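In this document, chain identifiers A, B, C, D and E correspond to the written order of the chains, with residue numbering beginning at 1 in each.
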Amino acid sequence: MNYHWNWGIFLEQVKAGEETYLDWLITGFGWTLAVALTAWVMALLCGGIIGTLRTAPQRGLAFFATCWVELFRNIPLLVQMFLWFFVVPELLPRELSLWIKQDMPAKEFVTAVLCLGLFTSARVAEQVRAGVQSLPNGQRMAGLAIGFTLPQTYRYVILPMAFRIIIPPLTSEFMNIFKNSSVAFAIGVLELTFQARQMQEDSEQGIETYLAVTVLYFICAFVANRGMAFIEKRSRVPGFIATSK
Amino acid sequence: DTLAKVKSSGSITMGIRESSYPLSYLDDKQQPIGYHIDICNRIVDAVKSKLNLKTLKVNHQAVTSQNRIPLVTNGTVDLECGSTTNNVARQNQVAFAPTTFVTNVRMAVKKASGITSLTQLGGKPVATTTGTTSVQLMRAHEKGKGIDFKEVYGKDHADSFLMLETDRAVAFVMDDNLLAGLIVTSKNPADYAIVGETLNIEPIAIMIRKEDPQFQGLVNTVIRDLAKSGEIDKLYAKWFMAPIPPKGANMNFPMSDKLKELLKNPSDAPAEQYNRK
Amino acid sequence: MSFFAQFDLSVIGPSLPFIWTGLLFTVKLTVIAMTGGIILGTLLALARLSPITPLAMAATWYVNLMRSIPLLMVILWFFLIIPLLTGKPMGAENSAIITFTLFEAAYYSEIMRAGIQSVPRGQVWAGQAIGMTYAQTMGHIILPQAFRNMLPVLLTQTIILFQDTSLVYAIGAKDLLKAAEIAGKNYNRPVEMYVFVAFVYFVICFALSRLVKHLQSRIAIIR
Amino acid sequence: MIEINNVSKWYGQFQVLTDCSTQITKGDVVVVCGPSGSGKSTLIKCVNGLEAFQQGNIVVNGTSVGDPKTNLPKLRSRVGMVFQHFELFPHMSITENLVIGQTKVLGRSKEEAQERGLKLLDRVGLKSQADKFPGQLSGGQQQRVAIARALAMDPICMLFDEPTSALDPEMINEVLDVMVELANEGMTMMVVTHEMGFARKVADRVIFMDHGHIVEDATKEEFFGTPRSERAQQFLSKILSH
Amino acid sequence: MIEINNVSKWYGQFQVLTDCSTQITKGDVVVVCGPSGSGKSTLIKCVNGLEAFQQGNIVVNGTSVGDPKTNLPKLRSRVGMVFQHFELFPHMSITENLVIGQTKVLGRSKEEAQERGLKLLDRVGLKSQADKFPGQLSGGQQQRVAIARALAMDPICMLFDEPTSALDPEMINEVLDVMVELANEGMTMMVVTHEMGFARKVADRVIFMDHGHIVEDATKEEFFGTPRSERAQQFLSKILSH
């Protein structure tokens, strides 16, 4: 219809500054990668531990892990982001709270990573648990029977297989974390969605902006997918046929 | 064109903002109300009589600052009654009714901080809302040159104000009418003040599709008549100088000289013309 | 601390009707998108598993594409671009319903595909061996089992869908979160509203996830 | 009744069946044995078209299985098949398992199908279990239900693919007993099994397969007396010792 | 070597083991048999503490298994165990499977462990498979590796839980042969199995279990000669016919 197309917009200068819109998008892409990847590392670590604890024989630990999962997966990410940013610091002692709010380096980034990491950790934990439980009980028995302690059994026998089994769902989660990182704009991280809003506001070329951003997100998800496929291939156990035929 | 479309469909779609206090927002019953909504209703009435329609169905489509322009261009929204700044870039995509409100970009601070000017903000966190260009305006202002602002972004005005409230920022740079609205509804209105240099003057106007002379003409006439008859002053007083829903707060925001002057001779000149140095 | 001393819950009361309609829309959107998504997703899964290569390829592409783009972008695209192409504007709510159905179908299809594959191959043979056609075998033997095997996962995905509906704020449809946010803004009480809405989401999602657990033990096929 | 003529089959590059030929006349009981992976299951599944084959032809009761024009579902409904892992439909009760094929495929009324199902259930000694679900029965019981399900379709012949090899040793006999009875009643049967006791008791012929070839196809007496191939001798010795 | 005194065990309300007692002296080979679900696996898992029991006590080589102060991992490292489904670690090569317990539990050096592992692999006839992964071996081969893995820990006794019941008939013997050899060398063994041929060949005693009770505990001659309980007679007849 009567939309005014302008594909050259990316190379134009922003209204009040030296840089071009392309520079904005590149900065945004950088922050998106930083948030997503850092949060992913955190999610894997926490999720691995919490998921393992959910299968632990100690009731107390398992209960703690269950609470963790239920808390972080039952509230929308956007709302959690807000709670971490605005509500949690107010619960802390005044000095610490002020430090976090004013002087902590990269405070939006840290909050976003913390929030996204914990949110994703709950999902990763569920998958780790499913992976552990999908292994025949005999594997645990066999580990214990040759004299491993329970932690050793997890370390050498159960987790290496569990993680291999859950690579496909982990792949989805890894792709998701790039997409979910877009919520970080809500607390002012200068990531891709943030820059897109900024650019569309500044340039009034919304469709070009969103198209570019969509393509960038697609690239993230695609690369994440290929990367995980590579890992899956590398870690494939010869002769082992996954549960599904 | 719009009038033909309205005639054939028997309905017109108004774009509304849900929290552009007090220009366009929702009351407790989710009905859009506000200064611009009232003006738009007049326009709708005029459309109705012009087209000789007995009934005209009015749809309300909530819009955001991201989607309002695409929604107007793609035909979803016929009449955007929000709080859109009229500027040159936007005029590439859409057309504007004559300016009905003028806002000044200034900053809100906590009185206790003692801040009164841009020059005191060096090294301090300054809140602004994502998608707005306040920071660029600060940098561009002569007093802002060379000062190192640490900008922090809220995703909307309520969030940005919350940053000021929770001491994440010492100042919040925004349209003064919005600041005034946020302050009167805050928990301790007396704690805050709007201070400092005017960074930009922005004409706010109702938005319509481009290259639609008939509809544009009708809209222009309605607003000119409102201005001439002085009715627009009554509308202004109703929303800016008296208690308004939902909480009955009074903005106490007198009409600026700029707007008074402008209403004498309504025009759709973009922001750039007001801020020429 | 003064922050919470001033916690002003009185704003929640007058906003409740508002939030309630938001919740209703969220639920409506979730239910429609779930139903449509599962039906369409099952068809997609069958297409992906079918021996007709072009059909399988098309389904695979669709699923992978949908899963690679942030939902937020898909919502915007459907809302902004489609009217631009067709020339016919679409309301925010209809647009949300269509988008979510088409988007979630990609996710549900992956679940149903896993479900179909989780049924032992022998079940297909057994169905065919008593003379059932392909359609009969699918309809009476495989899909009922796949569906039951995957019911917990389907419901978990629905909980995610329920939370994801909050993204319709981007096109101005009023769901639970958006309604609470508007109320919060009009009263300038965002913190109270966010805490309240977090609580509402938690209660609903937690209750649903308990239900999933319960169903899992009730409906599971005895093997 | 069943004619298998020069059947060959490949999975991609890998040849599973090479030029297999044999014939089973009405009323015959033929036991197929051979080492794991030799193609026994594949061959038997070719007979009712559950697996496609690339060369040769199979004719069951005058109908060519490989012919694209053949109505395979119809053919299969007349050929009973029993699987190693029973493959009862776990989401249906025992009765429903017996009824569904009769109503959906043969078009019998529900009452008729139920009556016939219960009769067969009684015959395999499981009348009391009619309302249970497969998962609630022992392996031996499930397999007997599976046989009843196949019989409910009034098959003209029966195929068995290692019907006892997933069973606890104690339960093998309850299934073999049903099969022996069936054989004695004159049912045409093709049975893949390692139970040589069963073969000795009721088989008319024994087929020995290895690497996709039919290596030996002999009467029971010949086979257990003087198997010709070395591979078959070796196999028998392994199976029968201990 | 192994003393089981009045052991009882419950899963919730359900009693799996009732007052089980027996003793195995050094060098003895004891075969445990009985119908499915009778508690054989549970009993043998109690011996090295893989299952906890609520009453009675078990003493292995002077150490009480049920005592909370007992270092169970240490005890288990001296008791070899072989499972029905092999339970090799699928993500490790055969060599790694043999090495990991020796290095991580016994603290041997990698070279020493590898040498010992290869020696045992040779002994079970699989030296050439050292670098493959479990999934690439046949069932019989996997089970032989599992035996080698247990032996690598220099166990003082070995527990077997139906080591041949998941195997193709052809492969049963290759595993039993290894076990017979082990028995002949004087290893103390407790073996749950239905292979009566094996029992006849090497068992010193046979224990028959039913419904969680030890119904029969007799020398091989007594057991096969005149089993006292009716249940055991019935069981034997079922297993041995056909």
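Details
The definition used in the following text is that a contact is a pair of C-beta atoms (placed from the backbone, for glycine too) under 8 Å apart; a residue touches a chain by one contact, two chains touch by 3 or more.
What you see is a predicted model, and the numbers here were worked out from it, not measured in a lab.
Of all chains in the assembly, those touching subunit B and also subunit D are C.
Least step count on the touch graph, subunit B to subunit C: 1. Shared contact partners of subunit B and subunit E, listed by label: A. Among the other chains, the CA centroid farthest from that of subunit E is the one of B. Rounded to a whole number, the gap between the C-alpha centres of subunit A and subunit D is 52 angstrom.
Averaged C-alpha coordinates put the centre of subunit A at 20 Å from the centre of subunit C. One inter-chain figure worth recording: subunit D and subunit E are separated by 35 Å, centre to centre, where each centre is the mean of the chain's CA atoms. Annotation for subunit B: residues 66-67, 70, 73-75, 159, 162, 166 touch two or more other chains. Residue positions of subunit E touching 2 or more other chains: none. Within subunit C, contacts with two or more other chains are made by residues 3, 76, 80, 84, 87, 120, 190-191. By the definition of touch given earlier, these chain pairs are in contact: A-B, A-C, A-E, B-C, C-D, D-E. Residues 1, 3-4, 67-73, 76-77, 80-81, 84, 87, 110, 114, 117-118, 120-121, 159, 163-164, 166-167, 177, 190-191, 194-195, 197-198, 201-202, 205-206, 209 of subunit C touch subunit A in their complex.
Of all the residues in subunit B, the ones that touch subunit C in their complex are 13, 18-19, 21, 25-30, 59, 61-64, 66-67, 70-71, 73-76, 156-159, 161-162, 166, 181-182, 185-187, 246-247.
For subunit B in complex with subunit A, the touching residues are 65-67, 69-70, 73-75, 89-90, 92-93, 125, 130-133, 136-137, 139-140, 152-155, 159, 162, 166-168, 209-211. Those residues of subunit D lying in contact with subunit E across their complex are 35-36, 138, 165, 168-173, 176, 194-195, 197-198, 201, 235, 238-239, 241-242.
Within the complex formed with subunit E, the subunit A residues making contact are 136, 138-139, 141-149, 152, 156-157, 160-161, 164, 237-241.
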